[in-house]
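As written, the chain order gives the labels A, B, C and D, with residue 1 at the start of each chain.
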């Protein structure tokens, strides 16, 4: 454990003393994510899901990080924006595979009638805020979420996932500056994708953090116990008024991306006394959930065109377009009235 | 001399060995600036200049910094944006008091017919780029100037003055990131005004610089010899491909703002062997120049309204507004033609 | 403005302010003087210079049920927030993330010798973005009532305060004491007439009234409509007036090409073409940045005289 | 696009490229594939993710006599550069700092299931800004000729490339080998007719041609005009057509309120009111963000059938 990790790790979590319920949850969510990943690829192949999801993956580390927050469905838990690591953190925040698939499948039953894509999933009661706009935007938005917590003296934290290169944007810089200046309870995860290459002039994580006068820590070890601990520690610092933390996440390991989950299972059995029975049941529950979702997805209704006309202001009817196959007929009095109110011609 | 200053200072300039011609120039420009400052205030009082210039001051340090660049009038020297420290650096880059007053006085004879204000003064042959837009913008623009130098392998540098708090803007961050990533020959002066207060979360100059992986140095000593040396050193680093430098400038001293210039005069006499004759003639030249400018300003023609219609595209005539007292008359065929080309009614 | 903010903050503790130097300093135009002491630093937040950052943060706070009111020191500085306003804030309701009740307010407009960068009108930067509302009052009384409505509205509102309102003599009125709110989306007929409809907003309302007086000397009775809210546009009010007069003149301080006159023109083609007895015309500022020199700025802006010329032309048409 | 860039870079060594991942990676749409190797890293510059920063830097480089062409990975990402484009770049000539010869180009438009943030048309964000030019070609041949003119133009140009142009079958044409440039500011009459003028641009040109064929079956001869350059607008071409047909229908893929149809409508009121035998109408996308779902997106966009309906209505009017 590096000194930074040491400093962040809450005492009651030292040496991997994760509570059994949390361990169980993490394993379950890991199984779910693995199955979801495989199912999505199959659904794409079968034409049930859009080809945009062909490269779909879940980063298990994002599940672990998010699970270290206080997730609740009552609108009073922590708030998270999964950003480019969607939907990993959403699973930790209680989104079911079916809900995710509805959204990804652009179904009428998705939260917003699939007006926007999978990463835009927002459910404020669960504490999930979807992504919209260029890199950096979500750090601004989550800084504001954290500002609200601080202002109301709630012991809640905001968590946002960003790409590493998002730090190059002015948007990120302004969001981070504000968060740092107000010392709001915000945790920013900077994930290296490994795919692209760095073009910025900077810099190490600690250089970035120093510029904003905030804490920073990078973790990469498996079985991700430390990852959980660091996130929990950053959260504790946040809610106790010690300001934002940057968490650096290394590029996902080459080869088997699920080795981290496997290692956590091993660790849980060897070091945390997880019983085989519980492990099996977590596996089974995950499988049932994902299978149900996949079956169900096929029967979900498609979007209907009028949803494109969803109002853009509360309380307002959507503005009808001037001409659509059905509307308006040339004599439609709502569109062209002659003097005296009679239809034209 | 701190180690940072030491590292930046060019060998031939060590221990204050400024060339006599430069010393003379600096003193002359200082006298000019002092007189200009006083004259502007008088012109405002007399109603010859706009009340926007009531609080007009010149920061002599900005003259010194700019004089350390290679100033030329052939479009091949260094390039500077005086930003909030206008017009100090402009004087060093050869702008005459009359030219400045024409601009400040919104006269027809100013470079742009006074379509924009004093800080927007641009003269590319002299290497001056005016200010437009919010804080941070000019760092982006001067980064691009420096990029052009690098691309053409010219030994030229770009210098930009910004407020200290400009570093909080996303615009500045993006400009600085790009400059750092490309290691372009850019020098950024960050000036504390002393007027406002710092609201950002950050930070020391060195923290900021580390974030971009670039050099930084702060200077505040009088008689500003070191200031000149540091700027010259930053310039040398820049043109030799060692990338950008941040120069931190402390808030102007309380009380007599011209003590720095006085100290430089004293230093020049005591340490650099400046003769009384040369000093007197610098003083006299400065006075003649400023007095001429003030006299002349009163006789300069005012702007004429058609200048508001200056074209916004090269080669294009300005678009006439539809109605102005003189244009168009209801029967003006250029505006309303009847079928067959005859005027309406 | 100050009164509306104060009263809304007293009424609803979800309302809070963010901006540059609005706390200890009281804001560039002193709109928030005294607020910090009364409401405390959690509700009057001095931010770094980061219009994008604090507008984005306002969105986050609004997600959490607060009602942020952010100040742009000059509305010109809204440009760094253009991105988050159009791409995140405006789309939120549509994306299913809920509407964001926030107000972005600040001084706009020329005539103050502010030059290209302290004189802009920003309505057309946002008029094309579904999901936003845009309010632009013409007098202090409306400003107070409209700002209250803007704060109470569940949607993001851009609120433009003409600098002329802060001090122009014709605006020195005593405001009603009671808690009144003026609904968004409704224009006001400032002057009734039957020969010509003049549709305008902001400072130009006053110039059009001067022009209308002048036209009245020729026996021309102009109707003057103050839009008050630009988005959503009160096209019913405009159409009703056009159906009465048959002539439409649009006057705006903003520059010409791509100004709001275009949208009004095509809506009236759609809604009132049969009643038009002449072309829809406009009097606007010139297509150029706002000039710094006062002489040029006066020429650049529409004058009452320009309105009279155009009005006479249209009535004779 | 690729050809135009390549040829211009060969012709003029002041031309260089900046953008995200345009070098080694060759750009998101592979427009600059092979450029890095041929022109080297000083002329094909990979930038940090900083649209504002590198657009501002382009301005500086342009001041120094270079001719930067910057790429937005998607034009949606131009929003962080909105500030520097409107406040610095567009005002430069007017302020006396000289015109800035630079091009900002990138993919626009929907139909690719990109959702709200990878499908936008950005013309109306800039149409209101004096000093900019906006180009929006409808086919690869025009795109090449217009891009060359844009690069050679001394003014800042926003160049919108519809994603449909990169691959749509109707766009598979062999381009002329010779070095041709198409002047900015000139519309093209794609189809002549005398019953109805349809003014459009970009992808909608193709949809309007389909509609015109359909209308022809009813004996309606529609004239289809492709604007090609949106700013400055070729109002002479539009007016000439309207004077011939008496009926004007404007079709744009961009959303409705505040779209370019408004400006065209008021200009034709100013220039051709006497010839209008019916209201100026428009067929556009719906006032909403671009929907992600394909079903919704198709409904959201104007269809050829919508154009036919409106065209029939106008001709009968």
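Simple rule for what comes next: contacts are C-beta pairs under 8 Å (C-beta built on N, C-alpha and C of every residue); 3 or more make two chains touch, one makes a residue touch a chain.
None of these values were measured; they are calculated from a predicted model.
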Those chains that touch chain D and also touch chain A are B, C
When B-C and A-C are ranked by contacting C-beta pairs, first comes A-C
The chain whose C-alpha centroid lies farthest from that of chain B is chain A
Here the gap between chain A and chain B, centre to centre from mean Cα coordinates and rounded to Å, is 47
Chain A and chain C have mean C-alpha positions lying a whole-number Å distance apart equal to 37
In whole angstrom, the CA-centroid distance of chain C from chain D equals 30
Touching two or more other chains in chain D are residues 47-48, 50-53, 76, 79-80, 83, 87, 90-91, 94-95, 116-117, 130-131, 257, 270, 273, 279, 281-282, 287-289
Multi-chain contacts in chain B, i.e. residues touching at least two other chains, fall at 113, 115-116, 120, 132-134, 168-171, 173-174, 177, 179, 181-182, 199-201, 310, 312, 322, 336, 344
Contact graph of the chains (line, ring, star, complete, other): complete
Contacts from chain B onto chain D in the complex sit at residues 79, 110-113, 115-116, 120, 122, 124, 129-130, 132-134, 137, 139-151, 158, 170-171, 173-175, 177-179, 181-182, 310-316, 322, 335-339, 344
Chain D partner, complex, touching residues on chain C are 52, 76, 79-80, 82-83, 86-87, 90-91, 94-95, 116-117, 124-125, 127-131, 231, 233, 250, 254-255, 257-259, 261-266, 269-270, 273, 278-282, 287-289
Counting only contacts in the complex, chain C reaches chain B at residues 20-21, 24-25, 46-53, 76-77, 79-80, 113, 115-117, 256-257, 279, 281-289, 291-300, 303, 305-306, 309-310, 312-313, 316-317
Contacts from chain C onto chain A in the complex sit at residues 16, 42-43, 45, 47-48, 50-66, 68, 80, 83-84, 87-88, 90-99, 130-131, 133, 154-155, 232, 243, 270-271, 273-275
Residue set of chain A touching chain B in the complex reads 136, 168-174, 177-183, 199-203, 207-208, 210-214
